[in-house]
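For reference, the structures are reproduced in the following blocks.
Note that chain A is present in both complexes that follow, paired respectively with chain B and with chain C.
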Partner chain A sequence: MSVYRRSIWVFHLNTGSCNACDIEILDVLTPYHDVERFGIKLVASPRHADALLLTGPITKESLPKVIDALLAVPEPKLVIAIGSCTCGGGIWYDTYSTLGGLNELYRVLKEEYGIPEPPTVKVPGCPPRPEAIIYGVALALGIVKQKYSTTKVRVE
Partner chain B sequence: MSRLSWIKKALEVGVVTRKYPFEHAEVPEGSRGLPEFDSSKCIGCSACANVCTPDAIRVVDDLNEGVRRVEYFVGRCIFCGRCAEVCPVSAIRITKEFELAYKDEVRFIIELKLVKCSNCGKPFTTTRHLNHVLGKVGEGLPELMTLCPDCRRKSTVNSFITPVGGTV
Partner chain C sequence: MVDVVKTLYEVLGGKILRHEVIRDGVVIDVRPEDLVSVVKGITEGLGGIYTVVVGVDGRGIDNTYHSIYVFSLDELKTYVLIRVRLSPEDPKVESITPIVKGANWGEREVRDLLGIEVLGHPDPRTLILPDGWPSNTYPLRKDFSYCERPRLDNPGSNYVPQRSEEVVALPYGPYHPLLHEPEYFELHVKGETVVDVEYRGFHVHRGIEKLGESRLTYNQVPFVAERICGICGFVHNVCYCQAVENAAGIEVPERALYIRSLVLEVERIHSHLLWLGVACHVLGFDTGFMHAWRIREPVMYLAELLTGSRKTYGINLVGGVRRDVNRDSIEKVVKILKKVKEEYDHFVKSLTSVKEVVKRLEGSGILPKSEAISYGVVGPTARGSGLKRDVRVDHPYAAYKEASFRVPVYSECDNMSRLLVRVDEVYESISIIDQLIDKLPSGPIMAEDVEVPEFREGFSGVEAPRGEDVHYVITGRFSKVYRWKVRAPSYNNIPALKVMLHECPLSDAPLTIASIDPCFSCTDRLVVVDVLTGRKFRVDLRTLARRGKL
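Let's turn to the complex of A and B:
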């Protein structure tokens, strides 16, 4: 992701979250964690943004708005999913009124609009610690490497 | 407050910003992070999957391969720690680990061998689970323990019935 080596401007979009993740995002912007040292800035329009910051399990009501915002972000775009709800659906993964996570959104985008999956960094947590969000951003910028990978153990 | 006194206060307080990804982050005591699965202890009883609110832990029996698959998906976990609370053999430990952001999906999978019913041959539990229960029960019913629940029920009923004028 070398294109993101410079400052990334983010547009924050709540897709039906409980606001805990949104409060943690505000924490990240405070002087204590100060994510602006990476050049990260919240902007008011997705047209000015490089990255889309999604929180919440993507309710069916918010789906058209999410798609509109995602299409409005100019290429090359990046999606940062904050919280377990966005990453894998969280406790709402099979609820009737939500899509249940980002994978389902990408499936809809591919099938209905023919849009390929944008590069995505997912930050699980309920809500994630501010440090965890910074770690996710650092992963997107290429400062750190992904710490865990899938492991499979077979025992007797 | 005049401007000069603000500068004095700022100098007193100093720099508060953490250098986080470039330095170690302090995590408070009692913070719940990634659950750690000890595959050498797990018996595959699926107590953790029963209590898991978002079904981040799933237990599926693969009858073709004859294994029980305990699968943990980090992207759905809400880090409530109930799995560690209910685990009868303390195979799950809640760590303080929070650096879990990922690009490729992270799953921790433990595969445990299933044991087959000595009567009908249907796999019904894992070898480790059976040994764990045998250790709790002790002496007494070892021949019933190798039967699946259905066969066990039939065998218990058959032991009570005395056939009169024919077979049961």
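Let's turn to the complex of A and C:
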């Protein structure tokens, strides 16, 4: 996971979230939590970014813009999905105007653009606490180890 | 209420077919052909200010479509709901936008989502649904399933902004460093001056109303209502609960009302501090941004203390609250607020003494009082234009009757007055919390019998940090809501940007847009798609990167 050794610059992309995750992201950047001390910086253009912070369930209207932004991030890129909506669609997983989360976005990317999944860190929570967001980024940087492991179970 | 009904009959005469008094409002039935003259009577004769247009697929109730126009009569302290019933095969209604500018979006929304044709509407474009949404598919009709996902035709084809030799269209958004949410403004610029603005929002339309009407039960909706907006979510939550309580005639215990008011005020403090920070950031005054957010952090801790979580509190249910406050936490609240007030005092003094900040704010983004009334703007935007409108005073709810507070009003109509309104409100909120804590009564926090009868109407307004938030509810069968309509404050404020940005220098445009504290996730609750007739509408980042060189 740790393709980056030093500071990462992030671009924040709201894909239809309710703002709660977004204000927690801003919170992380302001003096109380101050992640700039780790070299994490919010930038204004995806072309300057190493990682994309996605919030929201990805609405149909924002989909083409999200794909454009994702393509604009130079390789090697990283996606950090913040909030339950992005991770799995949340309550919107099957509503009429959303895609229902990150997995659907990756499916669209693979089927229509032939792009493989970028490395992804998911930070669930509604909204996740600032500490959780910092932990997620630290995980991406390889500073901390993941606390759990998963096994896939197939249900017949 | 008797007076209100009497006045209505005096002004409108025989045009009222039937009236019904509900809690916090009066519903009058009129014939569709009388609608325009009735609206004229309400706005000109009684000083009614436009609030919302609600469309209802009433085919399950009386086999008609309803279109309900709500006006707030601030002097009489009530809402009046004008209802017209339309034929189920071919619903058509005359537009009121030519006389009430604010109804523009409301009527387009009714057309998009329910297929009620609005005759004589000046703007034929789609407002809410995503580009390429199939025609004759209306998501809020009852025969449309909430999980249906129609295939969009041709989403995201290239959009070329309009331009002429003199006027250049400048895209601002949808992902702009200064906007934290995806919204698109097209600023028409002549030299350095903005002459017009086009808005294409609704990127955050998630279909909440449909979800609430189809899949959830009464007491599940409050939790989703809180996810309408992450900043002022508790407002929606309270507003929904009050609407259902009004419909069902439930009496909420006093302690629960106090707790609601307390949390609402805590939310207002955090939201205003957040806005002050963002406003400083937009001005390029990042020191102010960092300080505002530093002061805000203890307020978040305070919310956690009272409700158990920093955001999306989840403590409200129909009939009361789920979580009580104890004496320990109240003591801490008082202590924290005292410190917040000290620091805030210092911050505000420094902010308003920075010459550059004051000069940028004064005289920019003017919204005259007459336009403010016509667009029906709410909250600090209205109060910054000399309109004394505050739901806490005009339509008292929760425990606000028990507290005495001042409603700050400034009549300079510029960005500075909108900032000062918010600055003053934080002090008022702190004082309200202190007063409520002193008076906090003991007793139960949940009403005993919570029964909701079917097909009753409820209407409720709550003063959000951004202005008046209203919810309209028709109760339904099987513990479900038949119709749930949300009108967030920014919904009324954003159209007024057209006036504020007119003749405004380009460099002041971002600040002016920020000055109404737009909350797009509230505004867009419904679906996401938007089409300009005849031309495909979408801006990619490449266009954005070329800004200024179109």
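Simple rule for what comes next: the second predicted complex is superposed on the first by the 148 of 156 C-alpha atoms of A that agree within 3 Å, B and C clash if a C-alpha of one lies under 4 Å from a C-alpha of the other, contacts with A are read in each partner's own complex, and residues count from 1 in each chain.
Everything that follows uses one rule, which is that a contact is a pair of C-beta atoms (placed from the backbone, for glycine too) under 8 Å apart; a residue touches a chain by one contact, two chains touch by 3 or more.
Because the structure is a prediction, the values reported are computed rather than measured.
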Chain B versus chain C as contact partner of A:L139, first or second or both or neither: first
Touched partner set for A:R37, first chain B, second chain C, both or neither: first
First, second, both or neither for A:S45, with chain B first and chain C second: second
Which of chain B and chain C A:T98 touches, first, second, both or neither: second
Chain B versus chain C as contact partner of A:E117, first or second or both or neither: neither
Which superposed partner A:R129 touches (first chain B, second chain C, both, neither): both
Partner chain(s) touched by A:N14 [first = chain B, second = chain C, both, neither]: second
Common interface positions of chain A, toward chain B and toward chain C: 31-32, 91, 94, 126, 129
Chain A residues touching chain B - in the complex, by the definition given at the top: 31-34, 37, 84, 87-91, 93-94, 101, 119-126, 128-129, 131-132, 134-136, 138-139, 143-144, 146-156
Residue ranges of chain C in contact with chain A within the complex: 129-131, 139, 144, 146-150, 152, 155-156, 174-175, 177, 180-182, 202-207, 210-211, 224, 227-231, 233, 274, 277, 289-291, 293-294, 297, 300, 310-312, 519, 521, 526-530, 538-542, 545
In the complex with chain C, residue positions of chain A that touch it: 12-24, 26-27, 30-32, 44-47, 56-57, 59-65, 68-69, 72, 91-92, 94-98, 126-127, 129
Contacting residues of chain B [partner chain A, same complex]: 16-18, 20-21, 25, 27, 31, 34, 39-40, 42, 53-56, 67, 73-80, 98-113, 127-128
